[in-house]
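Below are two complexes that have subunit A in common, paired first with subunit B and then with subunit C.
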Partner chain A sequence: MGKVLKYSFYDLVRSRWSYIYFLFYLALGFVLLFLNSDLSKAVITLMNIIIVLVPLIGTIFGTMYYYNSKEFTELLLAQPIKRSHIFLGQYFGVAGSLSLSLAVGLGVPFMTYGLLRSNAIFDFSLLLGVGIFLTLIFTGLAFNIAISNENKIKGFGYAVLLWLFMAVIYDGIFLLSLIVFEEYPLDTFSMVATTLNPIDLSRTLILLKLDISALLGYTGAVFKRFFGTQLGFWVSMLVLVLWTLIPILRLKYKASRKDF
Partner chain B sequence: MRKSLYLAFGFFLLFTWGVAAKTVEVCESCPVKSIKGAIALAKDYDTVLVKKGTYYEFDILIDKPLTLKGEGYPIVDGQKKGEIIKIISDNVTVDGLFIINVGVSYTTDFAAIRVTKSEHFTIQNVVLEKLFFGIYLEKSSNGKVYHNKIIGDAKDEYNSGNGIQLWYSHYVDVSHNHVQGTRDGIYLEFSDNITITKNTSTKNLRYGLHFMFSDNDVYSQNTFEENGAGVAVMFSRNISMQNNTFRKNWGPAAYGMLLKEINDADIQNNTFEENTVAISIEGSNRITYKDNDFIKNGWAIRVIGACYTNIFVGNNFMNNSFDVSYNSKLNDNEFRSNYWSDYTGYDLDRDGTGDVPYRPVKLFSYIANKTPETIVLLRSLFMDIIDFSEKVSPVFTPDNLEDAQPLMKKRQ
Partner chain C sequence: MIQITDLHKKFGKNEVLKGLDLTIEPGRIYAILGPNGSGKTTLIKSILGMVLPDKGKIEVLGKPIAKGWKYRKQIDYLPQIANFPGNLKVRELIKMIKDLRNDEGNEELLITTFSLQPHLDKKLSNLSGGTKQKVNLVLAFMFNSQLLILDEPNTGLDPNALIKLKELISKERAKGKTLLITSHVMQFVEEVADEIVYLLEGKIYFKGTIADLKNVTNQQNVEHAIAVLTKTEQDG
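Coming up: the complex of A and B.
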């Protein structure tokens, strides 16, 4: 697996898209901090971008890479290498290079603006952690979609739809159900609904760490009691890990049974 | 002859006055060892000078015009047995005492200093700690509460008292006081024509300043910080609120300022910074909001209902999560020439005001008003999208609620 990972990773790290992605974050970080040198405010703005953009790039990049390297994969399959090693190697190659672009791209500007000396370091690390989790999750989901669909167009369609669902439609349904069932106690429901969607979970985790949590009023108090505690934090981390593991396991399962 | 007699009489009067305004000293080695004893000994308009030391006394009744003055902050310890100083005479001055351990009761409002039905009192430079009620004025007018420091350690609302309380007291000047850790920092009930200036009220359990049924009052240049619920102004008319600072009143039920049934008020040059709700307005009419700064609040202005003919002009709205929130489609309030940091319009004729009107009410704030739980979707992409579509064509928010001339640059 290490060899495939290494080749995929180097292949991607040298590719133009990785550089563009990296430079985008680099520019974003510098511009944000240049306009407003308050680190914790920059973290909020970044959050808005990260929770939308990272899943989108993860899904598109994941599907694209899978379809593009299909011939190479078939070549590898002819070699005496375990299937799971090939696919997991590729997956970690993609997710790793995307995460690296994100972490370095944002890390450099924040470091130069004195992150280590500020108390925003925890918020920032949480943001990066969440960004990396989202990359892992959505690249994994993208690989799953790609491996299940031979048709490129269909695969892309599903991938984009998945992103749209998680980032927008899910919240729409969530909102509607909150309005429809407003007569009922909704604390538990909204907590569960938030936990089930990795994008919402990431957003809530970061929001509650920032001091706008009081805005959330009573609901916020309920949320804070859950997410604000050690237990809540670890539960949400566990959910994120599950969201990462399940697509990987399915990918492994699918890959070992797929007829190429 | 008669003239010299008058003169002699005059001198006599002057002499006796001079004698009358004498000073009774209280200290551990003096002939008079207790404040109570000194008050009993003193004649009208005398000064009781309390030297440095600790005096274990309570229920000190001042029933004649006196000046009770402390030297080097003598400690008056009530040992939690009840009220400490009670003033029932006009023209009393209390100055420079350190009063601690007021009794706590569930049936009587024990105060460190209580002024009852008296006029022309002055309470100044007093430090109060471990108190129940601090300075309690009842039916006492034309007085001054100046430069006192009240530091409570209130934990629960039901067994704590207010820092400075005015009840049926008029024309009182409350200034330069520091109140913290009480239930309500400053509380006014049925008290008209009060001036409250340059006070600091912080970390109180409930309100930093609380008005009830009090008209024609002015409060200016005060600072209200980190109070449980901010400042509440209720059921009052003609209140002028100027140059105050409301900061960091954070919490699920915290306001910078809560206005309820307030009419004809004037709110100018105040700064609201980092409050959950900067101003919450309910049933308040004919109020002018001018030149205020709203910075980084959750809600800058939350209108709950029945607010008519209010004018918002020349305010700065900067980086608030919601600028204005309304719970109805009806709007009779005017927004004019404010600066909104969320404004995205342009100014082609370069006259300093934007060419397209700004709509301060977001659809999300309308939804969050109806179903508070939806606030968990704060800052999600979906909300941004529907806010944008509502901005383009308002359906749910009052369509005449707009600032037709938003400022391009913030008012300095």
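Coming up: the complex of A and C.
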């Protein structure tokens, strides 16, 4: 797997899109810190962007890379390499290069503004950690969609729909159901619903760590009681790990049964 | 060398291979022929493990290949259409394949043979079809595997390169290697192949030497003999 990963990673790191993605974060970080030199507040603004943008880029990049490297894949399949290693190598190549753009792009401006000497370092690390998780999750989902759809346009469509659902529609349905069922106790329901969507889960995790849960009102108090505890934190991490692992395992399964 | 028993493969409703049995002896050159869509490429891809059979067994060098991948180290493969990652340079591609196979390739001589030196630093997406096919040939011939599988090796080659290709094939034969070749150019087949395997409707319709083929069909010319084979089947 190492060799496939190496070539996919190099291929991507050299590509124009990785640079654009990297430069975007670099510019974003500097602009935010220039306008607002409070690191903690910059972390909150960044969170709102990362939580929507990282999944979008992960899905689009993932599907695009899979379809564009069809030739490379076919070349590899005839070589003495294990099948699962080909696909996992490509997946980690994409997810790795996207994560690198994110971490370095944001890391550089925050470092120059004295991140290491401030106490925002934990919040910032959490933000980066969540960003990397979201990259892994959505690239994985994108690879799954692409391997199951021979038709590029269809695969691309499904991938964008998936992102739209997770980032926008899910919240809409969630809020609607809260209004419709407002007569009933909704604590458990809203907690489970938040945990099930990796985007919502990431947002809640960061908001609670930043200690601005008061903004969330009553729900905030309920959430704080669960997510604010050690147990809540580890349960959330476990859910994120599961969201990462399940697409990887399905990718492995699909790859071992596909004809090329 | 290769032992195939009762191989079945369906793509959706399209049954491509219907119980194919084939034995490939070492040290001979086999030409796999058949009309378009008769399952030649599916057969080759099954041997390589790129297509997974629905039923049947394939053994390469005495070992079943199901779920295996190490046996591919013994096979050099020339794919039908040379599709390479476009953003790589020829030199990088050759280096990459050598690295992936963990093998010291012997590409220098082949690069000279096909006069590819001026193209080494060009990106693959900028090469013409014929040049791509030459790169494809370098990749397939640069290792010293026991078994060579060539899918339409003469596609897009100019006469000069075609002569070089035939020389390469006869060199490999002299080394005692086994070759599987598909081609639609009968003159080429007649020049290089020891045995003909004729596929029709997902089964082996004829297997034997070129002399056998001519005898069976009462023809002096391979092209006509193949035409007769196809025709008798359609009439019957």
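Methods note: the second predicted complex is superposed on the first by the 260 of 260 C-alpha atoms of A that agree within 3 Å, B and C clash if a C-alpha of one lies under 4 Å from a C-alpha of the other, contacts with A are read in each partner's own complex, and residues count from 1 in each chain.
Throughout what follows, a residue touches a chain if its C-beta (ideal position, glycine included) is under 8 Å from a C-beta of that chain, and two chains touch if they have at least 3 such contacts.
As the structure is a computational prediction, the values presented were derived from the model and not from experiment.
A.B. asks: Have a look at subunit B and subunit C on subunit A after the superposition and call it: clash or fit.
C.D. replies: fit
A.B. asks: I'd like to know which partner A:79 touches here: subunit B for first, subunit C for second, both or neither.
C.D. replies: In the superposed model, A:79 contacts subunit C only, not subunit B.
A.B. asks: Of the partners subunit B and subunit C, which touch A:182 in the superposed model: first, second, both, neither?
C.D. replies: first
A.B. asks: Based on the superposed arrangement, let me know which partner A:204 touches: subunit B (first), subunit C (second), both, or neither?
C.D. replies: Once the two structures are laid over each other on A, A:204 reaches subunit B alone.
A.B. asks: Looking at A:3 after the superposition, I want to know if it touches subunit B, subunit C, both of them or none. Which is it: first, second, both, neither?
C.D. replies: Once the two structures are laid over each other on A, A:3 reaches subunit C alone.
A.B. asks: Is A:233 touching the first partner subunit B, the second partner subunit C, both, or neither of them?
C.D. replies: A:233 contacts neither subunit B nor subunit C.
A.B. asks: Centred on subunit A, what angle do subunit B and subunit C make, from Cα centres, as a multiple of 10°?
C.D. replies: Result: 180 degrees, to the nearest ten.
A.B. asks: In the superposed arrangement, does A:257 touch subunit B (first), subunit C (second), both or neither?
C.D. replies: Touch partner of A:257: subunit C, not subunit B.
A.B. asks: Applying the document's definition of touch, where does A:67 land relative to subunit B and subunit C: first, second, both, or neither?
C.D. replies: After superposing on A, A:67 lies clear of both subunit B and subunit C.
A.B. asks: After the superposition on A, what does A:17 contact: first (subunit B), second (subunit C), both or neither?
C.D. replies: neither
A.B. asks: More residues of subunit A are touched by which chain, subunit B or subunit C?
C.D. replies: B
A.B. asks: In whole Å, how close do subunit B and subunit C get at the C-alpha level once superposed?
C.D. replies: Taking the overlay as described at the top, subunit B lies 37 Å from subunit C at its nearest C-alpha.
A.B. asks: Contact residues on subunit B for subunit A in the complex?
C.D. replies: Those in contact with subunit A are residues 250-254, 274, 276, 298-299, 321, 367, 370-383, 385.
A.B. asks: Any idea which subunit C residues touch subunit A in the complex?
C.D. replies: Per the touch definition, subunit C meets subunit A at residues 11, 45, 48-52, 69-73, 75, 77, 79, 83-88, 96-97, 99-101.
A.B. asks: Which subunit A residues qualify as touching subunit B in the complex?
C.D. replies: It is residues 47-48, 51-52, 167-169, 171-172, 174-175, 178-179, 182, 186-187, 190, 194, 199-200, 203-204, 207, 211-212, 214-221, 223 of subunit A that touch subunit B.
A.B. asks: Which positions of subunit A touch subunit C when the two form their complex?
C.D. replies: Listed in rising order, the residues of subunit A that touch subunit C are 3-4, 7, 11, 14-15, 69-72, 74-83, 257-260.
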